[in-house]
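Some structures to go through are shown next.
Shared chain: chain A. Partners: chain B in the first complex, chain C in the second.
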Partner chain A sequence: MTWKLFSLLLEASLMTIFVSTVSILLGLVMAIILSGLRMSGNRVAYAGAGVFISFFRGVPLLVQLLLIFNLLPVIGITLPSLATAIIGLSLCTAAYQAENLRGGFEGVAPGLIESAEMAGFTKVQSFIWIRTPIALRVTFPALVNEAILILKASSLVSVVGLIELTKMAQNLSASTYQPLPIFASAGLIYLAINLVVAWIGRRAENALPGLPSR
Partner chain B sequence: MSDPAIKVSHVSKQFGDTQVLRDISLEVAPGTVSCLIGPSGSGKSTLLRCMAFLEQATSGNIHIEGEPLGFTDGPGRKRQSPAELRRVRSKIGMVFQQFNLWPHMTALGNVSLALRRVRGMGRAEAEERAMKQLDKVGLKERAHHYPAQLSGGQQQRVAIARALALDPTIMFFDEPTSALDPELTGEVLSVMRELAAEGMTMVVVTHEIGFAASVGNRIAFLDGGRLLFHDTPEVVFAAPREPRLEQFLDTYLDRGAAMLK
Partner chain C sequence: MSFDFAVILAKLPQILSGLGVTILIWIAGTLAAAVLGFVIATLRRFGGRPVDVLLQLPIEVLRGTPFLVQIFLLYFGGPYIGLRLDPWVAGLLGISIYGAAYYAEIFRAGYQSVPPGHVEAAECVGLTRNQIITAILLPEMALLVMPPSINMAVILLKETALLSLITVPEMTMTVQAIGSQQYAFVEALVILALVYWALVELANWLGRLAERNLSKLSA
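What follows is the complex of A and B.
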């Protein structure tokens, strides 16, 4: 195990971080939209969001990735593996994050919505300015947890041909015949990234203003 | 004669099998303070919430400055469009028992948010106006505190400032001091006294009989969902011939009712 090999792993871990970060943020936006659809009072929107969430929570991520990878070309869309990976990961995490957010949205006291209503907010305005920020604060620890899960799950995107940390480790171990030190190093890099994520998460949690300490 | 600020016509409200309000009609003249009193469960909060259309009356109508609120006038009871409801309701400012400040925003944020997002003001203008309102309730120096960092009395004053910032012509107070320690009640009541002195039309659901007697122009006494009295404090308090009212007031003797004429 040389520095040269290790630096290749480190370089590949940047791709892991990039793919995960983009997917988590995209997934968060989608999760908020899904929550809005579920609370819109429109039956079709409610059912659609429900089906989406059930599907992406119920089907293994690996299968989803392979489906997207093999399905899109059939309907004439060829995407680079980076885009395929991000789509797969973000759709999956959107479903989980929507479920996380649900508890947060349900916990928003009805009185807070009534005071928004009396202040002249439309339903959509109170969703954007009152419900969502409060739900995000309450469920922030779950978001950090999901970020860690996605960082680890991103190892699966190697199946769509993206060279990230796990794929690089596989390639290197195949060419050097040193699987043990290489995979041990990859594992340590994942661990280090996630420790940092957890640390940042805790710091951010304490810095969030006005979390009701009930 | 000009329209009453608020006109309640034959309002009844049922929750399942429970009749909470029974055929209530009353009018509130502009610039007056009406206090709704009565034992708990008498329906006074429900009546106020119906008057703000936070609760839908099962039958009957509410008019705000001559315009229907919630349901359109005319035959058949049709819901107003959300935009029309918001327009008529914008004349009303509401203060809740539980303050209902948005916990993720500072006092200033709470007061300025609707100015920015509903009224479309720029940040600077909205915050300047919000500051004026906070100053009015004596909380200018707490503008950058979050609700969790404020006492109950301060939170309620912020809530009053938030409602006033939108320039309502009518203010509703739903038991504004019931969640407060007795020593914090005074600061909220004095803000409300000032507001009444400025000529704001107010409807106050309260247990503060002393406040009702000294500030109220009209006292409405509810019991079992019925409006038993709606008259001046002199008439209501001086000669409570109605046994239910007498009994109710007796329970308040130790809380200042003795001071009444």
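What follows is the complex of A and C.
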């Protein structure tokens, strides 16, 4: 295990961080939309969001990625592996984040929504400006947790051909016959990234404004 | 473009055998993980500060690294230190060790949830440590550890799909092989996804049932 190999792993970990960050943020936006659909009072929207969440939480991410990777070309969509990876990861994390957000949305005091409506907010406006910020604040620790889960899950996007940390480790271990130090190093890099994310999460949690009192 | 699911469903016996391997590894791995996790949490609770700190390190490492990297390390790296494992064994071992780290945390939270006064009272009336664990701590924390334990079991079910990457002939590997034999890869993956979906929903349903019965029991 030379410094050269390790630096290649470090370089590949930038791709891991990039894919994970983009997927988490896209997933968060989708999760908010899913939550909105679930609370819209429209039965079809409610059922559709429910099926989406159940499916993407119920199927292993590996199978989802393989399905997306193989299905898209068949229906005439060819995308680079980076895009495929981001689509797969963000759809999956959207379902998990929607489930996390649910508790947050349920916890919003009804009085707040009523006063927003009294002040002339439409349903959509009070969803965007009142409920969503509060739900996001309440469930922030779950978001940090999900970020760590997605960082680890991003190791699976190697199956759609994207060269990130795990794929790089696989390639290097095949070409150097040193799987032990290489996979151990890859593991340590994941661990380091996750410790940093957890630390940032704790700092941010403290820095964020306090929760509204009931 | 047309999809032909019949060519996949014609291989039903093979799919079922893969499903059997998945369920077997899942159940055995989850049980082993839960027992190992309980042992670790118990050692941390009663073993004194050095043991507690010493056991925290592997837990953090296992929880902070991807399961995929762990099984690659075990299966491809193992032979270099004389640990040559069958895919089966490596997979089962991998699931058990990975799951144990999470179960150890679940049981740790369970131990912490029991008021110290209850343990002290049990000590005062002369209960031994084993009696305190089985008669006081376990029943008191059962209700609390049940939901995360079931959740973890479902997560482990989905993680077993990764064992296809170290050539364990479980459902994902089997169905993918059928898909490439029959030139019907997408169809195979759709069926695979549906089976997992059904399995996970079934596990969730059984879990809710178990939770309800447990809370009735303790009410």
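Simple rule for what comes next: the second predicted complex is superposed on the first by the 211 of 214 C-alpha atoms of A that agree within 3 Å, B and C clash if a C-alpha of one lies under 4 Å from a C-alpha of the other, contacts with A are read in each partner's own complex, and residues count from 1 in each chain.
Here is the rule we go by: a residue touches a chain if its C-beta (ideal position, glycine included) is under 8 Å from a C-beta of that chain, and two chains touch if they have at least 3 such contacts.
Computed from a predicted structure; not experimentally measured.
Q: Check chain A with both chain B and chain C modelled on it and let me know: fit or clash.
A: fit
Q: So, A:A184: does it touch chain B (first), chain C (second), both, or neither?
A: Second partner only, chain C.
Q: Looking at chain A, does chain C or chain B touch more of its residues?
A: Of chain B and chain C, more residues of chain A lie in contact with C.
Q: Please work out whether A:E11 is in contact with chain B alone, chain C alone, both, or neither, and reply first, second, both or neither.
A: Neither partner.
Q: Could you say whether A:L66 touches chain B, chain C, both of them, or neither, answering first, second, both or neither?
A: A:L66 contacts chain C only, not chain B.
Q: After the superposition on A, what does A:S115 contact: first (chain B), second (chain C), both or neither?
A: In the superposed model, A:S115 contacts chain B only, not chain C.
Q: Taking C-alpha centres, what angle do chain B and chain C open up at chain A, rounded to the nearest 10 degrees?
A: With chain A as the vertex, the angle is 110 degrees.
Q: Which of the two partners, first being chain B and second being chain C, lies in contact with A:I75: first, second, both, or neither?
A: After superposing on A, A:I75 lies in contact with chain C but is clear of chain B.
Q: Applying the touch criterion given at the start, work out whether A:A169 contacts chain B, chain C, both or neither, answering first, second, both or neither.
A: Touch partner of A:A169: chain C, not chain B.
Q: Contact-wise, after the overlay, does A:R137 reach chain B, chain C, both or neither (first, second, both, neither)?
A: Only chain B; A:R137 stays clear of chain C.
Q: Minimum C-alpha distance between chain B and chain C after superposition, to be given in whole Å.
A: 29
Q: On chain A, which stretch or stretches are contacted by chain B in one complex as well as by chain C in the other?
A: Touching chain B and chain C on chain A: no residues.
Q: Where on chain A is chain C touching in the complex?
A: 54-55, 57-64, 66-67, 70-71, 74-76, 148, 152-156, 158-159, 166, 169-170, 173, 178-180, 183-184, 186-188, 190-191, 194-195
Q: Could you list, by residue number, the parts of chain A that touch chain B in their complex?
A: The touching residues are 109, 111-112, 114-123, 125, 129-130, 133-134, 137, 209-213.
Q: Name, in rising order, each residue of chain B that touches chain A in their complex.
A: Checking each residue of chain B against chain A gives 52, 54, 82, 86, 89-90, 92-94, 96, 98, 100-106, 113-114, 117-119, 146-148, 159, 162-163, 166.
Q: Give the list of chain C residues in touch with chain A in this complex.
A: 1, 60-61, 64-70, 72-73, 76-77, 80-81, 158-162, 164-165, 172, 176, 185-186, 189-190, 192-193, 196-197, 200-201
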